[in-house]
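To keep things clear, I will list the structure first and then write my remarks on it.
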Amino acid sequence: MITLISSTNRPNSVSLMVTQQYAHMLEQRGESTQIISLEAMPDDFLGTALYHNSGKNEHFNLLRSQVEEAQKFAFIIPEYNGSFPGVLKLFIDGLKFPGTLRNKKAGLIGVSSGIQGGALALSHINDVFNYLGMHVMANRVKLYKIEDKLQDGKVADPQFVQLLERHADQLIQF
Amino acid sequence: MITLISSTNRPNSVSLMVTQQYAHMLEQRGESTQIISLEAMPDDFLGTALYHNSGKNEHFNLLRSQVEEAQKFAFIIPEYNGSFPGVLKLFIDGLKFPGTLRNKKAGLIGVSSGIQGGALALSHINDVFNYLGMHVMANRVKLYKIEDKLQDGKVADPQFVQLLERHADQLIQF
Amino acid sequence: MITLISSTNRPNSVSLMVTQQYAHMLEQRGESTQIISLEAMPDDFLGTALYHNSGKNEHFNLLRSQVEEAQKFAFIIPEYNGSFPGVLKLFIDGLKFPGTLRNKKAGLIGVSSGIQGGALALSHINDVFNYLGMHVMANRVKLYKIEDKLQDGKVADPQFVQLLERHADQLIQF
Amino acid sequence: MITLISSTNRPNSVSLMVTQQYAHMLEQRGESTQIISLEAMPDDFLGTALYHNSGKNEHFNLLRSQVEEAQKFAFIIPEYNGSFPGVLKLFIDGLKFPGTLRNKKAGLIGVSSGIQGGALALSHINDVFNYLGMHVMANRVKLYKIEDKLQDGKVADPQFVQLLERHADQLIQF
């Protein structure tokens, strides 16, 4: 079972499309999957789920439980302002500390409109995950200029499809 | 005028203490200051201030206006999970894009309970600010093991006080 | 006077071409320039210019003197193995410590055959320069897929030329 | 078999001491080890082992062969100027490209005189290793203020010893 995190709360995001396509690739390889879209982050998160309120937001607790039980992840991360989205870090800051991610495993996929493919976003989040004790697979896929590579809501560019498929193969083995 | 950003919404944070002390240092040097504490981030931010809602949250728009008018910043940034707090990145993701920070200037101060002093947090946020076109002063102060260095709600450790004072001197000139 | 560092010792490098073109842009704007190509790094550097030998290599001392006297730099940095070239860091490790770069200023230009344009290389070197007290201009130019953009030994792609010219304008003001 | 890389060519380095002590910990746990000290980097490396000379330096080729055959590594990395030593990156730049490190595994240990313990050095090198396809273990040990923790040429501080031992246990399993 691999848990995929679509790492933005933007409605109808490209990241969610990529997440669904990547989940399908994993399923085709015989791997079961579940998707957590950060669209599910509760609107009142900032006031109800951090610090003295940690663990008190019932809605967020459902996400926390899913993450606690999961062992292997794929994070699909759009580049916002040269790094990962604030909402992704907020999601991580809201997890039970320490230990929710320790000794678990993750693969990273970056998505950007521009040319970087989230290179810095993935570097930054790698630091975060290592700090929390989660191993990160070496292969970081960087889907740059993503809008040019989509067709009918899916990544259609053959090179990008191949990058995702190889990543899926590796993540199953990781 | 230097605008100080206490970069967490945690109530009664050490970062806010440091921010106030640093503001005082700037004032003593004849510089006027204003403080924005991210405690002011509206609780419903996630659902009301991003993407199609950008610019629609009246409460956040007050913060946006302050940032738009400001020219020079000091960010006091606690280390959360090996990077900057999610709420700080969220704050940045909510600014008018592009251009709110372009050609402006900032100094960075990291704060941590552990030994890093936010070294990675400051590296990550430097990437974000450079991406957005804001120049960052070279001198990054890293206040590690901060709880051991406080007395009566202020940084009392002489070495840390000196680091902050030198940073203040440089930021005024930057 | 701006000192340009072509940050590889590879003979006939693309980075040196870009460096020369960028120098010409600066000259056209009335700025004087000098170029240091790391091709000038002495072959026996590893055994003669570090640690107990620091300052003893006459050949390298010429480069050290140039760097000590310079106040503003442009580093043209090819991406090698996902970061800056080892020889660039070696060059920096060989400078008189501390203080050679303190309070000086630099602009960064990344060059790559691949798609990143040296995004990570520039992030890493920014950390190094900030550590050494040198201010780095926010605008990081990333010249990706450089081989596709050259003609007659010069960057011919109009978008890239514009990026370099804007960078030159800003660096003169920085 | 774990291959340990003492990542500086400084004679009699603290990093080499730590490397030897860490090798001993691995041996005590029944793991065989070999040490590569970058003191073995040939003095004339810059002129004889890169680019058109890649693979032509017989002395360096011995190191290349050792790295090619090795499957799991520990890098003991001193912090030089806010990052890894230039000589370490040079060593990597001199390996056969691509593929020498692909699908291999590494653990990281940082060493510093100052307070960072090589936090940024380890972040930077992690980016390099991931770029080259080598998986990096999450747990990054950061031995800060190392001179204060040594006795008789060994890390004597009990907390640091424990950090190294836990790292050794994990690396054997990784």
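Note that the chains are named A, B, C and D in the order they appear, and that numbering of residues resets to 1 at the start of each chain.
Please note the rule applied: a residue touches a chain if its C-beta (ideal position, glycine included) is under 8 Å from a C-beta of that chain, and two chains touch if they have at least 3 such contacts.
The structure presented is a predicted model; accordingly, all values stated were derived computationally and were not measured.
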From chain C, the most remote chain by mean C-alpha position: A
A-D or A-C - the one linked by more C-beta pairs in contact: A-D
Inter-centroid spacing, chain B versus chain A (mean Cα positions, whole Å): 27
Chain centre separation (chain A, chain C; CA means) in Å: 35
For chain A paired with chain D, centre-to-centre distance based on mean C-alpha positions, whole Å: 30
For chain D, residues contacting two or more additional chains: 120, 123, 127, 130, 132
Parts of chain B lying in touch with chain D, wherever the complex brings them together: 115-117, 119-120, 123, 142, 144
Chain D residues within the chain A interface of the complex: 103, 123, 126-127, 129-130, 132-140, 174
Contact set on chain D toward chain C in their complex: 9-11, 41-48, 50-52, 80-93, 97, 120, 124, 127-128, 130-132
